[in-house]
């Protein structure tokens, strides 16, 4: 049973994974559709029945998973164990406590279970390149976020002082929200500078902000280029010491000097 | 006849292509202008006459193409064969079925026929580099789209819960539309968070989203650099020392001076 | 006189350039300020006097330039000759023809004259790297613009059909304007999809559009990297044939095989 | 005392820095919260008491810093000395001059003091790579800003002429503000073209603008790649064959196998 539920090398395991994938996607779709007023009024009953089928199915699966692992507690407290629990908890809770209706949206987190199933996908290597690039640039991104956050706090305060409550900038946090909306070039327009000095400061922030925001793109590009290069590396292992990862033009092992 | 219609090496074929190009561009322009209320009222008659000329012309061309190929059915069911058919079908259908007036906009797909004619352009090689880069990064882009889609679903649900119908987030799909508008930094402002927690979550999404969206740019940059390098590299190896990677205009090895 | 006006190696020439730079910047500032209602009412007289001083100054300079070159007609019909003429023409015309008041804004083109003076700047080399990169990627950018334009036409038509006049999409050109605003992630919000299918199509366009617009960034990055590398290249010339531009690790000339 | 306040190698110095960090962050948070109307009404008294504690604390720290350095004047006139003074001045001034209440927002600049404390952070090296990249591309960025500014002035004037006051473009500076908002793809929508020629010109500006704004991203990517490479490269040359550019962990030359 363990190989069917947790692995995907056997035909049965693969069939189980595909079935689970469909169940997850359909149950998330059901949650989405239920949130639409007009659909809830017309097909509410059908969706609720479907929802209970999914809840029973996922509960069954959760119990099977608990039974088929050697250390159930370790599984239950792991990230995917908690996600599995979250997938069934809201429906069960809404039955016990009628006031928890608003918690039903939490069921959309079932979507995260897709990632467990997708472990079987062939393009995990690609995701790995992306993650390697992001992880390698972690420190640069923290430095960058610090610079962005400082700019946001200072520019938000400046605009609060310059524009004032009359133009919608009624507190520093509100000004900071405006600064984020502006620096990321989202620009909803729900808050926008009205006075001449405010528009001048905003223009400077936009142009500077564009320069600042070129940095993460640059970081990711450089790290991605390195991660790609590392994946494209020579498959030869040194016959002397077994070291791998040589440059493509290497003729001697860089560790022991043996001819490759 | 086949060489005139399908090839463009002969003067006649080239003239045919240029004429066709103009006919396509003018017919698309006519469709556009007809959609403008004030122009339709004033010059509607003239545009409709022009439209019928183009339809007759394209029908004639379609029949000629069918006649001049060896296997007409294969052509008719190919991508460009269908586009050629779509270019004349709406006008003909609107004659038979008066209710199909709204289908006339489909005629704008005639624009796709331009790409068939542009096959003759000298810069196809450049398009090839771009396509190679995009195709090579296909798997990375799928992984990336999966991450974006999950974020959109989860953030859309969160905002539906936090902001609620009162602020315009009246269903999860609506929240997902907002999340896409925000993450891509389009930011129409037709939907924007009004509550303080909503604005805080939106700020986090924007900054995180900017980081996530640096990824496709990085992917395309890296792949484009590789595709450019592959197009520019010389396959020759030096007969003297075996060095590879010479410039395309090199006649001697840069390491040992041997004639290549 | 020619060396003072056209060159900037002599102290007199440099002083002339700096003075001209200030005159240009101040006159453009005057045009800007005159366009502001409240300033025009209060200081209109002073600005108009200043404007006439600048016009007289620029006219004098234009006449001097004409006199000091050998072939005045060639100068007058060159790009910078026309810009010099455009700098004085609107003011003179507004004197002769009172109806041409609205042409006065053209005087802002005086700003282009700054680039003539800035020829002396030390960082022209940097501008050269940028221009080399942009020129090298010209063909790729044309291909890219073709793809963007096709997407804009087709998506504009689709939204005209889906949303219709009731939601502001009252013609195909209007829909194309919306598509440009959306694909470039500007997102004013003056036009935004209101129907559910419209919002779905717009979401797809935004995510796809973001991918497409990663392409110019990638193109510019790659070309910039190449242009930078070419500027960083080895200064050695081959003693045999005089060829320059060798790789940094080259020991033999790649054209004649001579030792470098 | 000097080592405790200015260095962070000793346990006491580290404790001092961590305490100061918390004081700074909390005092900035207090300034932010005080700016929110509802919180000021409810907890105004508590926040003001807290504020005075921080002011006394920072004043004490400022005096201690002045006493513990050899040349107090040099410290007081340095960048961080001025920031330290700015952190306490507004509160003191608001006591003396009741009309200076609006200056209290300046206290948010205390945030800059965080950077002094963060000097201890281990990821200063990363910030150094980023700064090296930005500094190396300074000249390119100036050229780029010049091009952007010229485009902004000219497009702002064109839109002022084309759209006019009736559509909100009531002066050239206002038009320039619109041009910045559009070119940086922020797009608030508080000003947007209403006429057909205006929308056409805006569309061209957006697409061109997107191309122009790909330049800073490209610049930063290239410089970042170079700065990263310079930080990662090994200065050793092989004693046998003279090859350079070895990996940092290499012990043998990859070409001839010699010990490095």
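Here the chain labels run A, B, C and D in written order, and each chain numbers its own residues starting at 1.
The rule is simple: contacts are C-beta pairs under 8 Å (C-beta built on N, C-alpha and C of every residue); 3 or more make two chains touch, one makes a residue touch a chain.
Everything numeric in this text was worked out from a predicted model, so none of it was measured.
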item: Same-site or different-site touching of chain B by its copy chain C, using the half cut; value: different
item: Chain separated most widely from chain A, comparing mean CA positions; value: C
item: B-D or A-D, whichever has more C-beta pairs in contact; value: A-D
item: Inter-centroid spacing, chain D versus chain A (mean Cα positions, whole Å); value: 27
item: Separation of chain B from chain D, taking each centre as the mean of its C-alpha atoms, in whole Å; value: 39
item: Set of chain C residues in contact with two or more other chains; value: 173, 176, 185-189, 217, 219, 221, 225
item: Contacting residues of chain A [partner chain B, same complex]; value: 28, 31-32, 35-37, 102, 105, 108-109, 111-112, 114-115, 118, 123, 126-127, 129-130, 133, 141, 145, 148, 173-174, 176-177, 180-181, 184-190, 213, 216-217, 219-221, 223-225, 228
item: Contact footprint of chain B on chain D as seen in their complex; value: 185-189, 217, 221
item: Chain B to chain A touching residues, read off their complex; value: 139-140, 142-144, 146, 150, 153-154, 157-158, 160-161, 165, 170-173, 176, 182, 185-189, 192, 196, 199-200, 202-203, 206-207, 209-211, 214-215, 217-219, 221-222, 225-226
